[in-house]
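Read from first to last, the chains carry the letters A, B and C; within each, the first residue is number 1.
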């Protein structure tokens, strides 16, 4: 088992099956020298539908957990592509899209659910990405959170 | 004629004139080794105004066609910069911004209009990008769809 | 003093202190060969709270000034990381997130406040980035504008 997956296990988490694609795109695309762009992933790690908006019917605590679920999906997609998550040498950039009513302002607290997971499993130097956390009108399938990420791999 | 433009012709499509700039930015910027970021392009391929939102006054079918128009503009901008679209070796990442009412959930079906075009003209290996499709409150000039893209070129 | 900071001074501007982080992320992350992704920065250059939405309680003129403030923060974050802004050889990509009511359509005019600053201080060749300017439902802390940027550095 890779060190990253050992860390996940210590946190009581396991990598899900990579989510099914929702359209005409690649779940992850390699480019340049060891760069991998992972497409926007939703929060469900078991195929169930998770819906709703922050500020309406999803709490910040739920949003945090959903952002963690999005990141688990991102990591599952990346692992399928590169074979071993211990080869990740840099979590470069995360964009966390948060479906929000116009008066919900805590997108960063939601997004932390994903980026704190990266920091725990990869360590702070590798795992702390640049990030934008932004409030969307709505997301595909009425998902509350969606996350895309850019990684650099050995 | 390039192979990519032959494919477009077979589909009954032609590259438009690259759209006029709408502000202080470069339509495309080269960086790294053969990487090109194309700025957000709207759907109009003839200079006419296309306006509206998905979930309100634009149907999914129209949105699909508009996303295809956005991608034709992206390709027109890229061709002007690199001279020949056959030099594209990787459609890396597409972000499809869909102006959406808060209860419109089919952003991926709209975004497919752009990414399916890439797959048809470049082939699946080169032309299938990573992607995020997200619902925006509103877009410049009340456009229904806007698309930005990252390419790798020989 | 660097040439870039001399230019800022000529414009009557100074680099602020880099803004405090608002969550679990890196203000900027280096990757590839000299690439730096700067995380989403808000408009306040003195720690005060700036709130509101375009189309409601923030004018286009204010939005332009706020986008300039976002970019000053982006440059402050980048300078702390690389030491000297004269080492910037390419402003690659800017995404300007504009908190907008659904009937506000002038995101590009707002975003120009940031990208025109880049063009003035770095010159047109280096300083003109690719860009997307998009209308968000809402931004963290009810900020009117947020900007992320990708730079290439010597």
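Here, a residue touches a chain if its C-beta (ideal position, glycine included) is under 8 Å from a C-beta of that chain, and two chains touch if they have at least 3 such contacts.
Quick caveat: nothing in here was measured; it's all calculated off a predicted structure.
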- Message: If I list every residue number at the interface of chain A and chain C, are over half of them used by both copies, so same, or under half, so different?
- Response: different
- Inter-copy rotation, chain A to chain B, in degrees (Cα atoms; steps of 5): 120
- Query: Just how far, in Å, is the C-alpha centre of chain C from the one of chain A?
  - Reply: 25
- Query: What residues in chain C touch two or more of the other chains?
  - Reply: 32-33, 101-102, 136-137
- Query: Mind pulling up the chain C residues that touch chain B in the complex?
  - Reply: 32-33, 35, 90-94, 100-109, 111-112, 115-116, 119, 128-137, 150, 152
- Message: Quick check on the complex: what are the chain A residues that touch chain B?
- Response: 22-29, 31-33, 37-40, 53, 95, 97, 99, 101-102, 136-142, 146, 148
